[in-house]
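Both complexes shown next keep chain A, but they swap its partner, so chain B is in the first and chain C is in the second.
For the complex of A and B:
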């Protein structure tokens, strides 16, 4: 049998490559979803991972870190939050 | 609520109703501004045995970036628990409600902290400065700058 392909549609899925806790501890929405202010997940609403390995939606974490009361600490372990370089 | 964190409070409410921690129950949560949460101390601490206490949580639009305002409220048959860190007007001196707040805390985790603060207490007394504090206390406990001086109780 000979088949001729007229047309094909590619479909793919994606997933942030971060296995720990599946939801952002700040907004409680899945990492693969968005922070409360974004509409589209993915590169528009990225994750941020600290040297302490704790991850959040970047926008959620920045809301926290810009408050004075955060004292620059990770919400999970209360160590100074430094973005992991790798 | 600005910032769209109502979704998170909605999830918290579902969790509190569907998978409640032992001794913690929602008495009233009709909106995302004020919730009343009832707590019981589960061990047989004689100071609190058989009693139910009521916590009031008040959420600003900045929750959970900012801590909720949490205090005990009295009602018919419901007293303010006696504890060296709980004032007779219901204000609670507990670091997670102030400088120790983190946005990963939840209503449930705060209620559990307070529950264990009661469970571990063996002093049937009010804070030493209760009368003075209550006479001049701001309406919101968040406007008090508590000094967390004693972690042993």
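For the complex of A and C:
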């Protein structure tokens, strides 16, 4: 008998690489989910990672940075927040 | 005998108006006192007689003794005539002379005496001739004397006689009685005497009415051929003005007795549909009877009410207990409609409503409580609901109270089996939406989706439904088993309308993931990364956002090299497009289309990825040679559970592409597997990955556990939110608010709430203060 594969329909799930804390430090929602204002995770609601290695939903962090009290600091470690470059 | 009658022989046509007596007499008859009925009673000859009679007065003797003598002789003649009349014999004297005799007596103020005499004579006739001579002996001689016939005979005779008397004494009637305030007319007096001596008198009246009532009994049993006699009796009763006081009351009484007996005789033994029909026809009969005999409307109304009271109102409980369940079982909408109408009319619809509600609960409970019938639970519930809906429309006039009772019944019984109905409803929807099941047109599909959604509305454990629905939807989408994208979307819209967006958000996310994957795979196919040409494998990957999808455990699997190549190429493409992400493979959901060349023919097989990987091993095994369970396990690295299921589906199922040694339904370590060289099947395309669709007991347990876990998180979240705002709260208040805030999800177990309060205390979110108060710890 000889068997050959014509088609293969596979299933995968994707996760964020840098989601070591699992939940966003601002909204407390899992990184696999979205910030409170978004519906779909992924491209619609990306993560942002600081030089300090702290990760957040991008929308959560941008909102945080617009507040007076943030003073441009990372809400976790209070260091100036700068986006990490690969 | 009439030789002394002074007016005899006078020319009839003479008319003189000069006499003072005449003018006096005329004035007595003129103006307002002139009787209105005169024309009626007298006929066309009346006025002529009047003029004629007045002309005779000139010849009247004046002395008292003479007038006394005249009175006596005239009365003698009149009395003799009355005698004849009352004995139905011809009058020997001229009627004209008699009439004038009366007139003459009246003109000499003998009206009073004449009237007393006549009245006495009439009274004697009734009391003696009718009563003493005829009616009384009849009553005494036999109980069964036909008193209606006897009395009506007398009545007919009397009315005929009275007419003659009235004509004979016309002048008295009109010139004297009509204007005398204390006297009745001759006819009225005649009626009054008949009424007094025959109808109201107990001796005759009672037997008469009893006899009349037995005529009605005969009529009710349709044994009365001729209703004329009753009609005459009723006519008499009206004319004698004894309808309400004497007839109506007795009639209602005997009607009540009749239907009381009828009801007692049948209520225990007659089938309820027949009993209801009997009642309906009794009502029709009584109503018709009232028309036939021109009863007053009050009698009709009261009679119908009496029938309903005796047949229905006093038997409500027994009618329901003997008949209701059977009628609903048999869907006897006609009888149920009668029941509804009759019960409503006697203001007992509440009893029917209660019975309907209880029936719904009890029969519904039977459909959900038996685990052996879980597979047909939803179909049974839909049929049950449809049947009750038909009854509501056909029998209960779509009465809102009844609809509500049914809905309450459903909400009650359907939640008695915890989460099972929710699970079964989800599975039913899966069957509807899954390809390859019973073919039905769009309309039928939509009807069923609506129906099942109505059941869903009653479910308290909506989270259980959601979890199973999600798992099933995932399989339909990922295994390409969805019957129609439109139907899927329709169902999603229905659920969204029913439960709100938060309920369907994750489900929508699932659809979106598959759409994004479709676009993504199109670009992969056209990219330099695709290895379809080298490996011959057309790879398609659904890349899912974990948050939307059911959780699938990691599995181990060793892929053959060409599959690995294909998979690697996809990953490279994926990472070239998506940064910051990693990928986990959910191979348990992977499936393939393969071509397999068997000795007896080539087949195209739809298989699970696990089946494919196992079958591929046999490419390197010579025909007739076998692989052991252990060899396959080592080569694929599948865990025992998955491997056993996979081998079972290949070697023990309907389509056996492998043969197993030893034979049997179960797969055990040590078993040997070889290609089934005798494999053949009429079809070219075969689907053997049903094993992936089928829910395993472990999977089922997992879903339930997941629901429970989510519920716990939700309860804890709610409790924390309440504590955060209140800071300090009493136990009872905390429980009440928690239930309030989670009610959309369904009713929570009190013990669940208490358990989670304990957990939060242990996690230092809150602490106790005194016996019944909690304090929030921030």
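By our rule, the second predicted complex is superposed on the first by the 77 of 86 C-alpha atoms of A that agree within 3 Å, B and C clash if a C-alpha of one lies under 4 Å from a C-alpha of the other, contacts with A are read in each partner's own complex, and residues count from 1 in each chain.
Methods note: contacts are C-beta pairs under 8 Å (C-beta built on N, C-alpha and C of every residue); 3 or more make two chains touch, one makes a residue touch a chain.
All values derive from a computational prediction rather than experimental measurement.
With the two complexes superposed on chain A, say which partner A:33 touches: chain B (first), chain C (second), both, or neither.
A:33: touches chain C, not chain B.
By the touch definition at the top of the document, which applies to A:79: first (chain B), second (chain C), both, or neither?
In the superposition, A:79 touches no partner, neither chain B nor chain C.
A:53 in the overlay: touching chain B, chain C, both, or neither? Say first, second, both or neither.
neither
Of the two partner chains, chain B (first) and chain C (second), which one does A:13 touch, if any: first, second, both, or neither?
second
Which partner does A:41 reach: the first (chain B), the second (chain C), both, or neither?
second
Comparing chain C with chain B, which touches more residues belonging to chain A?
C
Please name which positions on chain B make contact with chain A in the complex.
Residues of chain B touching chain A: 3-5, 7-8, 11-12, 64-66, 99, 101-104.
Name, in rising order, each residue of chain A that touches chain B in their complex.
25-29, 36-37, 60, 63-64, 67, 69, 73, 75-76, 78
Spell out the part of chain C that touches chain A in their complex, as residue ranges.
Touch list, chain C to chain A: 478-480, 505, 508-509, 512, 516, 535-547, 549, 562-563, 566-567, 570, 574, 578-587, 589-599, 604, 609, 612, 615-616, 618-619, 623, 675, 677.
Chain C touches which residues of chain A in the complex?
1-18, 30, 32-34, 39-42, 46-47, 49, 86
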